[in-house]
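Presented sequentially are two complexes of chain A, the first with chain B as partner and the second with chain C.
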Partner chain A sequence: MVKCTINGQTVEVKEGTTVIEAMHQEGMKIAHYCWHPGLSVAGVCRLCMVEIQGNPRLQVGCNTVVTEGMNINNTSDKVKEAVQWGLDFHLINHPLDCPVCDQAGECGLQDQYMEFGQYDSIMAEPKQKKHKVVDLGPTVVLDSERCILCSRCVRFTTEVSKTNELGIFNRGDHSEVGTHEGTSLDNNYSLNTVDICPVGALTSKDFRFKQRVWYLKEQKTICNGCSTGCNIKVYFNTEGFFRVKPVYNEQVNGYWMCDQGRDIYKFANKQARYQGGKRYNQGQWVTDEAPGHVAMQASKVIAQNKNKTALILTGQYTVEEYEIAIQSFLASVGNSIGIKNIYHWNSHISEINNFDGTLLRGDRNPNTKGLIKVFEKYNIQTQVEDLEKAIEAGQIDTAIVAGPEDLTYYKQSNQKMVSLISALKNIVWLQSTINPELEEKVKSNLFIIPMKSYLEKSGTFINFNGIEQSFRAVTTVMSQALTLGQAIGLMMGDQKAVLPAAETAADHAVKPFVQESRPASQVMAEERKKNEFIYKRGATNER
Partner chain B sequence: MSDKIKDKSLGMWYLSGILGGVKITFAHLIKNLFSPSERVTLNYPEEQHTYSPRFKGNHILTVKNDGSLRCTACMLCATNCPADCISIVASEHADPHVEKFPVKYEIDILRCVYCGFCEEACPVDAIRMGPEWQIPDLADGNFIYDIQHLAYRPQLKGGIISVVDEQERHQAGI
Partner chain C sequence: MSEIKILSQYYDKPEFQFLEGYKQNGGYQMLEKALKMQPQEIIDMVKASGLRGRGGAGFPTGMKWGFLPKNGEPRYLLCNADEGEPGTFKDRMMMEKAPHQLVESMIISSFAVDSHKSYIYVRGEYYKSISILNKAIEEAYKAGYLGKNILGSGFDHDMDVYQGAGAYICGEETGLISSLEGKKGQPKLKPPFPAIQGYLKKPTIVNNVETLASVIPILRDGVQEYRKYGTEKSPGTKLFSLSGNVKKPGNYELALGYPLKSLIYDLGGGIKAGRSLKAVIPGGSSAPVLTAEEVEKANLDYESLSGLGSMLGSGAVIVIDDSQCMVDCLANLTHFYHHESCGQCTPCREGTGWLDKITHRILAGQGRMSDIELLVKVADNMKGRTICALSDAAALPVLSFVTKFRHEFEYYVKEGRSLVKGKVLYHGQMHH
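Let's turn to the complex of A and B:
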C-alpha cells in the first residue's frame, strides 16, 4: 500500500495505482476523455492534468503512478486553467451540432464543458471540415467532425475485440478515425465503441435518431442473450424499450457486452409480443382472450388427461418460476403415475460449451444452469430425447411447453418441437413473443398463453459459471401477461396463483418518505444523472 | 325566505342599480348610432382586428431557401413544451450535412397553450408563432397540425424562409 495526499486528503492505494484511479476510488472529480478503466492508457487528451508538489510542470493523472508521500492537487488555478485550455483545443474543430447529435444529453464534451470549461471561445479561424455520416460497418456510423481523437475506439478494437479494424489516419488537425483499407467495423463487439466514445462521433445505427436520451429511463438487469449473463441496463420509456448498454461487473462481463445481446430489448417490445391469449379448437381460432382465462380453459383439459400431461421447459425463465411451476405441476398431475413428466428443452445442446473467447457462449439460454439446479432438486433427469420416446410410446397426449422468449436461436429447434408435438391431442404453449410456426402447424387443440418477458419480472438467473444473478422488473409492457409460475399454477387448478404474494404487516407499516422506502420501480433523479461520466465512474466503475 | 323582508320599500333596493345600467347601455347605443368611428366592437368576420406583429398565434414551420423544412428534428421544442403537444419522428436525411430531419412533426393545437416556449427553444428558427389565431374546424383530426399544414398551408404562400441559412453557416464554419 502507498500513502499519498490528494487535494489535502490522505489516501491509501495499492501499489501501481495511477493518480486518476486513486481519485476515482475516492470519488473525486477529474476531467478526462481518453482514459477508460477497461483499456490501456493512451494519455492523448491531456485533460486529466494534476499538480504534483515538487514538480514544476503539470502531469497527466492517467499516466502517473502514485508514489509514497506524493502530494497531488487538481483544484489549483493552474490546473483549472490547463483543463480549460485543453477543452478549448478539443472544441476548436468540433462542429457543436448538439441539436442533431444523438449523444447530446450524455456527452462527455457537454458535461465536461459545464463542469470545467464555461468560457467563450476565442478561436477566430474557420473550423476544419471532415467527413460526416461515415458508414463504418453494419452497426456503427462515424461523424469525424465530432471526434476528439481520444483513440478509445481504436484501442478497443486492438485490445478487447482484437479485430484491429479501426485506426487514426492523417496528421494534425486532418486526423480522422477510420477503418483500414478493405475492412469494415464488423465484429460481434462493435457497439461497445459507441458506448465508450465520449462524444457523438460513433453512433449506433439501431438507436440513431430513435429517441433523445433525456426521454429515456434506465434500469439495470441481466442480458438473457446467452449463458454468460452480462450485466446490462435497458433504456425505455412509455413507447417501449430502445437500447441496451453494458454495466460493469468484474466477475461476469467486465465493461463490455456483445452486439447480439443489444437486440434483446426487441423481443420485449409490444410489436413482437402476443397481445392476448389465443385458442384453437376444432378449426376455429378464439383470439384476444385474457391470458388467465386461457389458462383456466387449459386447466380443464389437463384435469381430464392428468396421467398423460408433460411439462417441457426451456432455460429462459427464472429460478423462482421453475420452483413454483415444477412444484405445482408435481403436486397436481406430473407425479400421479410415478414418472416425473418434465423435460428440459435446449436448442443448442451440442454447442453448449462453445465460447467465442470474449463473452458470447454457445448456450443461448440465460438460465440453463438454474433449470438444471431445480431439476436436480426434484430429481428430474429428462431431456428432449426422452420426450420423443414417450410420445412415440403414446404415454403423452397433452403437452405444456414453456417456449423461448427469443426465437432467433430457436428457429430450427422450434420447428422440430412443433412437429414433434403437433400430433398430440392438446397443446398448451406459453410464450411471450409471437410464434408463427406454431400457429401454422398445429391442428389439434391449442392454447397460447402470453407470458411476461423477463424484463417485466424479477427473479434470478444462474449463468454458465454458476454465478447467481438476481434482477428486478424493469417496467410493465403487457399487464395481463402471466409469469410461468402463475400460468402453471392456474392450469393446475390453483386460482390463487395470480394473486400477488400475501402482504405482510411490514408492507402496511407507515414508512417515512425516504429513499429506502421508495417502490422498486421508481427511478430517482440521481440515478438518471447523465453526468455520471464525471461523477459516478470512480464509485461504481460503470461505463 | 321572502317573508323575512317585512318592509316592502326595502325590497326595491336594486332598482336604482338596474336603472343606472340601462342608462349606460342607452347612452352607448345612441353614441354608436351617431358616431360609428368611435365604436369599440368590430363587425367580425367582415372586419378583422390586426394584432401586433409579436402576437403569438398559430405555429409556422419555416423552410430553407430550397423549400425543404428548416427543422432538424432536435426535439428541443417538444422537450420544452409544457403542454406536451408536439410529437416528432426523426429520420436519416440523404444529405450528410443535413443528417437528421423530421418525417413527422405534429402539433396538437387544442392542447397548445400558446406559450411560445417552442419558438424560444428552437436553435435554428425553424418554428415560429405566426399572426393567425383562428383555429375553427370540423373534425377532431384537423386539430392535429402536420408538416403540410404547419409549413405549407396556403396562407404561407409556399413557406416562410428561416433566418438561419445552412450555406452561410457552413461557410462561417459553424
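Let's turn to the complex of A and C:
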C-alpha cells in the first residue's frame, strides 16, 4: 500500500494505482474524457490535470502513478484554469447542436461543462467542417463534428473486441474516426463504442431519435441472452423498454456486453407478446382471455390426465419459479411418477460450452445451471431423449411446456418441440412472446398462457460459472401475465403457489409503470389536470 | 573568428562520400579502435565529453545511453534523420557529404550500448540522402564493417534505412518510433521512456545524425581535445544552418558559444544593403524569436540562448530583416504547426488551428484588439499541456512574436494593413 495526500486528504491506495484511479476510489471529482477504466491509458484529452508538489508542470492523473508521500492537488487555481482551457479546446470546434443531439442529457461535454466550465465561448472563428452521418456499420452512426477524438472507441476495437475496425485518420484538427478500408464496424460488441463515447459522436441506430434520455428511467438487472449473465441497466418509460446498457461487474462482464444481449428488451415490449390467453379446441380459437382463466381451464384437463402429464422446462426462468413449479407438480402428480415426467429442454445442448472469447456463450439460456441445480435437488434425472421415448411409448398425452422468452435462438428447436408434441391430446404452452409456429402447427387441444417477461419479475439466475445473481422486477408491462410458479400452481390446484410470499413481496414493491393502453379521453383528462395546476399557480402569483 | 571544421573537415571532398575516399581520410579507424575497447569505456568518454543532443532538446547523450536497463533484452539504436524543423538543413548535408561518417559512428555507438540492430529514419523528402545512405551501408557490409563478426571482434550489427512519409511529428522521438513500428506517426505517452520501452517495446536509444557523428571526434581526439571548443556547459562544435535575409546562407560548423552576431555579419556576409536586422529565430522555427538588440548579446550555446528566453534548438538561424512583416512571419509559422499537429492531444489539435485562424484573420485585416491578448492566452494554455513538445513549439513563437513585436500586431489590427508593407497581406479563404 502507498500513502499519499490528495487535496489535503490522506489516501491509501494499492501500489501501481494511478492518480485518477485513486481519486475515483475516494469519490473525488476529476475531469476526464479519454480515460476509461476498462481500456488502456491514452492520455490525450489532457483534462485530468493535477498539480504534484515539487513538479512545476501539471501532470495528467491518468498516467501518473501514485508514489509514497506524493502530494496531489486538483483544486488549485492553476489546475482549474488548465481544466477550463482544456474544456474550451474541446468545445471550440464542437457543434452547438445539443437540442437535436441524441446524447444530450447524458453527454460528457455537457456534464463537464456544468461541473468545470460555465463561461462564454471566446471562439470567433468558423468551426471545423467534418463528415456528418457516417455509416460505420450495421449498428452505429458517426457524427465526426461532434467527435472529440478521445480514441476510446478505437481502443475498444483494438483491445476488447480485438476486431480493429476503427482508426483515426488524417491529422491535426482534420482528424476523424473511421473504419479501415474494406471493413465496417460489424462485430458483436460494436454498441459498446456508443456507450463509451463521451459525446454524441457515436449513436446507436437502434436507439437514436427514439427517446430523449431524460424521459427514461433505468433499472439494474441481469441479461437473459446467454449463460454469462451480464449485469445490465434497462431504460424504459410508459411507452415501453428502449435500450439496454451494461453495468460494471468485475466477476461477470467487466464493463461490456454483447450486441445480441442489447436486443432482449424487444421481447419484453408489448408488440412482441401475447396480449391475452388463447385456447384452441376442435377448430375454434378462444382469444383474449385472462391468463389465470386459461390456466384454470387447463387445470381441468390436466386433472384427468395427471399421470400422463409431462412438464417441460427451458432454462429461461428463475430458480424460485422452478422450485414452486416442480413442488406444485410433484405434490399433485405424486413424487414417483412426477420426477420421471419432468424434462429439461435446451435448444443448444451441443453448443453449451461454446464461447466467443469475450462474453457470449453458446448456451443461450440465462439459467441452465439454476434448472440443473433444482433438478438435482428433486432427484430428476430425465433427459429430452427420454421425452421422445415416453411419447412414442404412449406414456404421455398432455404436455405443459415452459417455452423460451426469445425465439430467435430457439427457432429450430421450437419447430422440433412443436412437432414432437403436436400429436398429444392436450398441450399447455407457457410463453411471454408470440409463438406463430405453435399456433399454426398444433391442431389438438391447446392452451396458451401469457407469461411475465423476466423484466417483470424478481428472482435468481445462476450463470455458467455458478455465480448466483438475483435481480428485481424492473416494471410491469402486462399486469395479468403470470409467473411460471403461479401458472403451474394454478394448473395443479396449488392455491398457495398462486401468490407465493417470496415472489410477491418484491413484485409489489415495484409499482406498475409501463401502462397498458389508455383511452384517449383519459389521456386528455390527465393532461388537462396537469395544466389546471399550472394555470392555478399562475393565478396565485398574479394576486 | 572562423569556422572550426571538425565534423565537416572533408565535406568539400567529393570522394569522401564513398568508402574508398572516406577511408583515405581516416575513415573506419575509430571503429577499429572502438571494437578493441570496453563498451563502458566508450559510454564514459561520451559522458565525460559533455556531448548534448544536436536534434533540438540538447539532452546529454552519455546520460541518455546510461538509462538503458541492464536486463539482457535486445536494444535498438535509432538515428533520427527526420530533419523537419523549419530552417534546419545540416543533417541533410552530413548524410549526403559523409554517409560513412554516420554509418561508422552508428556502429561504434551500437557497440557501446550493445545494440545489434539500428535504423536510420530519414525524412521522406530526402531521396538523395536515402540513396546515398543505402549505397554506403551496402559498401560497409561488403567491407565487413556491418554484418556478423565485425572486423573479427565477435560483434554483430545490422543497419537499415527507413524512409519517413514527411511528417514533422515523426522527428519527435516517440513519434519516430511509432512510425518505424508501422503505426501512425504519433508520439507516445511517457513514461515509459524509450530507453526503457521504445521500438517494439524494447529499450531504444534515439539520437540525431549530428549527435552520433560527434562520437567519432570524441574517440579520435579524446575528451580533453573535444572540450577545447565550446563552453563548459556546451562543449564541442555544432553545425548551424543559416538562412533568411543574409547574403551567404548555408551550413557553418562553429564552436559552441560563437557570437550570433558574428555568424550573421562575418560568416553570413550580413544583411542586404539598405536593410537592417529586425529579428532572428536562433534555433529552428520553434525557438522564441530574438530582437536585434538581443542578438547583440546572444552566443550560440545552450545557456546563453536559454538565458535570453530562447533556445539553441537544432541550430537553425533564421534571419529576418526590416522588410519583413512580423504578423506575416507568425502567420506562416502558425500555419505550419496547424498543418503538422498530429491531432492526438486536444490542446494542440484545437489550439494550433485556433492560432492559425486568428493570425490569418488579423492578416486579412479583420483582427480585433482582443485577438492579440487571445493569441497570448491560447498559446499560454497550450504550453506544457500535451504529450510531446509540438504544442510548446507552436506556442512559443506566438508568445515571443506577440510580446516583442506587439506594435506591429496592434497597427495591423487598428489600420487593417501591415505596418511594414503598408497593405493587406492575406486575401485567401480562411483555411480549415
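Keep in mind that, in the parts below, the second predicted complex is superposed on the first by the 490 of 543 C-alpha atoms of A that agree within 3 Å, B and C clash if a C-alpha of one lies under 4 Å from a C-alpha of the other, contacts with A are read in each partner's own complex, and residues count from 1 in each chain.
FYI, a residue touches a chain if its C-beta (ideal position, glycine included) is under 8 Å from a C-beta of that chain, and two chains touch if they have at least 3 such contacts.
Bear in mind the structure is a predicted one, so any value in this text is a computation, not a measurement.
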Superposed partners chain B and chain C on chain A - clash or fit: fit
First, second, both or neither for A:H174, with chain B first and chain C second: second
Partner chain in contact with A:L149 - chain B first, chain C second, else both or neither: second
Touched partner set for A:K389, first chain B, second chain C, both or neither: neither
Which superposed partner A:P126 touches (first chain B, second chain C, both, neither): both
Comparing the two partners chain B and chain C, which touches a greater set of residues in chain A: C
Partner chain in contact with A:W214 - chain B first, chain C second, else both or neither: first
Distance of closest approach, chain C and chain B, by C-alpha atoms in Å: 11
Common ground on chain A, meaning residues reached by chain C in one complex and by chain B in the other: 125-126, 129
In the complex with chain B, residue positions of chain A that touch it: 95-100, 125-127, 129, 131-133, 208-210, 212, 214-215
Chain A-touching residues of chain C, taken from the complex the two chains share: 167, 169, 184, 189, 191, 338-347, 349-354, 357-358, 361, 368, 374, 381, 384-387, 430, 432
List of chain B residues in touch with chain A within their complex: 72-76, 79, 90-92, 96-97, 99-100, 123-124, 172-174
Chain C partner contacts - residues on chain A that touch it in the complex: 41-47, 49, 57-58, 63, 81-82, 85-86, 89-90, 92-93, 122-126, 128-129, 148-149, 167-168, 170-175
